[in-house]
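By written order: A, B, C and D. Residues from 1 in each chain.
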Amino acid sequence: MINKIYNSPAEAVADIFDGATILISGFGEAGSPIELIHAVIDKGVKNLTIVSNNTGSGHVGLAALIENKQVKKVICSFPKTANSVVFPELYSKGNIELELVPQGTLAERIRCGGAGIPAFYTPTAVGTVLAEGKEKRIFDGKEYLLEQSIKGDFALVKCLKADRYGNLVYNKTARNFGPIMCTAAKTTIVQAKHIVDVGEIDPEVVVTPGIFVQRVVLIPNPMEESVLVAENRRYPWN
Amino acid sequence: MELKVNGWDMNFVAQKIASDIPDGSYVNLGIGIPELVANYIPEGREIIFHTENGLLGMGPAPDPDKADPELINAGKKCVTAIAGACFFHHADSFTMIRGGHIDYCVLGAFQVSQEGDLANWSTGEPNSVPAVGGAMDLVAGVKNIFVITTHLTKKGEPKIVKQCTYPLTGKNVVNKIYTNFAVMEIIDKKLFVTEMAPDIDFEFLKSVTDADLYLKT
Amino acid sequence: MINKIYNSPAEAVADIFDGATILISGFGEAGSPIELIHAVIDKGVKNLTIVSNNTGSGHVGLAALIENKQVKKVICSFPKTANSVVFPELYSKGNIELELVPQGTLAERIRCGGAGIPAFYTPTAVGTVLAEGKEKRIFDGKEYLLEQSIKGDFALVKCLKADRYGNLVYNKTARNFGPIMCTAAKTTIVQAKHIVDVGEIDPEVVVTPGIFVQRVVLIPNPMEESVLVAENRRYPWN
Amino acid sequence: MELKVNGWDMNFVAQKIASDIPDGSYVNLGIGIPELVANYIPEGREIIFHTENGLLGMGPAPDPDKADPELINAGKKCVTAIAGACFFHHADSFTMIRGGHIDYCVLGAFQVSQEGDLANWSTGEPNSVPAVGGAMDLVAGVKNIFVITTHLTKKGEPKIVKQCTYPLTGKNVVNKIYTNFAVMEIIDKKLFVTEMAPDIDFEFLKSVTDADLYLKT
């Protein structure tokens, strides 16, 4: 029998290792799997490469993982938001690496990672500093850059509803990077607000087919990053 | 330099842009001043707003008690979804952008060059954290790039320049520039002034613009 | 006001021109837009390049378009099925061109056409005759082929439900090439079994966002290719 | 050549394959003989069948009166969808295949070489219409490629060969070959026999195989 449901975040992230590349869903707080990230903080693995659109806010979730010195490198499109303090400080001191990638290129590199496509050409960033060192090529008289795919050892993803096969649906704009990250990791770990019986999600509306998901953890009341930030909470809990 | 003119209010500039966007267009608005454009869509026009974090059919901000932190725009502010909206993941969202499906994008600017180069993502200061987001994708893919900006920086320096000194977002990408002083169009790498604010004349405009300006006749 | 609804197939295909490249959805009969194809036959345009997974069955739909000598070239993965007679005959006489593309490469070339990606690398077909003349490149010690994107002047697509914005949902495995073809054509023309009010399709379950669709025609009772083939019908109707 | 042996029935071979596929696997079955495998999944195992035309969780054929011509498999036959199934478009379907997400693919063969080259899509005859479908994608992307085939052609010619003479579907792609005579594994481009039908011995097997065979010890 297929049963991808794990009992706790700790159990679901138990085999994450030092030096792993982890894809983390979310655009700002929408879709950010805080509980899974906190489990990685508890585990204490180091030298992680994190692929995520942002670098977290305040001192919880992704920001806390970075603050806890577990992250060697971040691959992202927008490493600062209104309440980002952790990453900018480490970065300005040269204590963390940054690979800055345009948002659409980041998305496509991840999608290609999941789709078995090692590289593709894109018009984005041609003629900018982010094109430096990249291979250029003309198609139909227009210049493009060669971009290589991104794969993760693990993906941490937040969704709305899951079943034991790993079929997922998301909530509104919390979908963002989740579906493509699920495809691009060796082990995809998902936190779901609801776990439903197989067959309850209409086959026409499944967003992430179960084949892309290895583990599901029920988190019925996920924390809201903005609330924690407003309360100046820190993880590990202050 | 002390200015003796005011030009247009930026709300009025936003209104000008809104009136230049045809019925039925798909539009992406940058964060900040560009968001003003959504307030001025002429009655009777249906414009569909795209936000790159996965929503087509973005509506106005919700009542605070109805805000959903998982229904946000690219600026990470709570928004609503109109009837007929749809949600999708980031690769599909940038298929819309990179694939040339979005008709108009309105962006802010640090600098725009007379050939349509745009600099709006980084001041290039060595200690600042660079953050690009979707800006480079938008200028590379959207059919029409409109810039809305004050004509001068807060210090009074020209933002419309011969050549950008800040790091570029894209080369030869801007189609039209809307400032508080004038509306300019870039055609074949030349900058044509199509309209000026009532208290602005061409000579004055040239004096506050570090670029070759042509009057569109 | 946005209203992409056209009154008839004839009106919706009125500007298709000689020499156009047309993407046609469907896998066998599932998702094949027969009524739209018949409107193209009525119009009589010639020298078309057709991109579709198959070449039609019997003497209706895509097979009839080919039989009517309107097609110069077919780009497809599987140009024969149980009841394919038209294409094999023309092909064996050298009267029609064929570009044979592995199914997944065909799908990805179309998707990239819609996504502004001019070319990508794929492991599919390496070491086979279909790799002949194609650029090869090694990534991480493994060989890949360079494949270029496909774009259409028009796409003809069948769906289940549409609204006046062009938002679409499909029926089961009739989805197949529809969603990617919608993205890859300058003008996408869709036949829908149902047209519903804007807002009736849940924003979470829209498969094709309206931005990818230019025209929608209501065909409440689409013909079934297999039934027509069994009855030995021909289009134009015998 | 007149054969004095029968080997296994192909249904029994299909059953062997089914018993080699672990619980929880995602499996794509080729058209024809490979479809037999679905009939023999051992009780208690959940296997999810993928069909490349956009369905994960393919079930058996429907009652004829419940057939939906828009719910078909890659062979264009009507099928059903199990509880927990999902539909998706072709690019997503081949993300599953090319991206290495499908665990097993069972395919028929015209020829398999001792190094694991597979020929199963074209006889290369100049007048026939070539049709490849998803075969090249499957062998390039799926983790384990199993071939199910009769050991000999109808004319009695070996299908397991030193080098394929028919056009290839893929090079070095086959992991295991299941025929009516034997089960063979390809390890480091060498062909090891792991099991033979009761009425087959190694000498005989070598005599009907145009390839270097090793007995797995």
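Please note the rule applied: a contact is a pair of C-beta atoms (placed from the backbone, for glycine too) under 8 Å apart; a residue touches a chain by one contact, two chains touch by 3 or more.
No experiment lies behind these values; they were computed from the predicted model shown.
*Asks:* I need the common contact partners of chain A and chain D, sorted by label.
*Replies:* Where chain A and chain D share a partner, that partner set is C.
*Asks:* So using the touch definition from the top, which pair is joined by more C-beta contacts, B-C or A-B?
*Replies:* A-B
*Asks:* Suppose each chain is reduced to the average of its Cα coordinates; what separation in Å results between chain A and chain C?
*Replies:* Taking the average C-alpha coordinate of chain A and of chain C, the gap between them is 34 Å.
*Asks:* Taking each chain's centre as the mean position of its Cα atoms, how many Å separate chain A from chain B?
*Replies:* About 29 Å separates the centre of chain A from that of chain B.
*Asks:* Chain B to chain D: how many Å between their CA centres?
*Replies:* Chain B and chain D have C-alpha centres separated by 55 Å.
*Asks:* What parts of chain D, by residue number, touch at least two of the other chains?
*Replies:* Correct list: 81, 87-88, 91, 94, 97-98, 140-141.
*Asks:* What residues in chain A touch two or more of the other chains?
*Replies:* 108, 111, 115-117, 122-123, 170, 172, 203-204
*Asks:* Mapping chain-to-chain touches, which pattern fits: line, ring, star, complete or other?
*Replies:* Topology of touching chains reads as other, fitting no named class.
*Asks:* Which chains touch, pair by pair?
*Replies:* A-B, A-C, A-D, B-C, C-D
*Asks:* For chain C, which residues are in contact with chain B within the complex?
*Replies:* 1-2, 111, 113-117, 163, 165, 167, 183, 198-199, 201, 203-204, 206, 209-212
*Asks:* Enumerate the contact residues on chain A facing chain C in the complex.
*Replies:* 108, 112, 115-123, 139-140, 142, 144, 148, 169-170, 172, 202-205
*Asks:* Give every residue of chain D touching chain C within the complex, in rising order.
*Replies:* The touching residues are 51-55, 68-72, 76, 81, 87-91, 93-94, 97-98, 117, 127, 129-137, 140-141, 167-172.
*Asks:* Write out the stretch or stretches of chain A touching chain B in their complex.
*Replies:* 27-31, 53, 77-82, 87-88, 91-92, 98, 100-108, 110-111, 122-130, 170-180, 207, 224-226
*Asks:* Which residues of chain D touch chain A in their complex?
*Replies:* 23-24, 26, 44, 46, 48, 50, 56-57, 81, 83-88, 91-92, 94-102, 140-141
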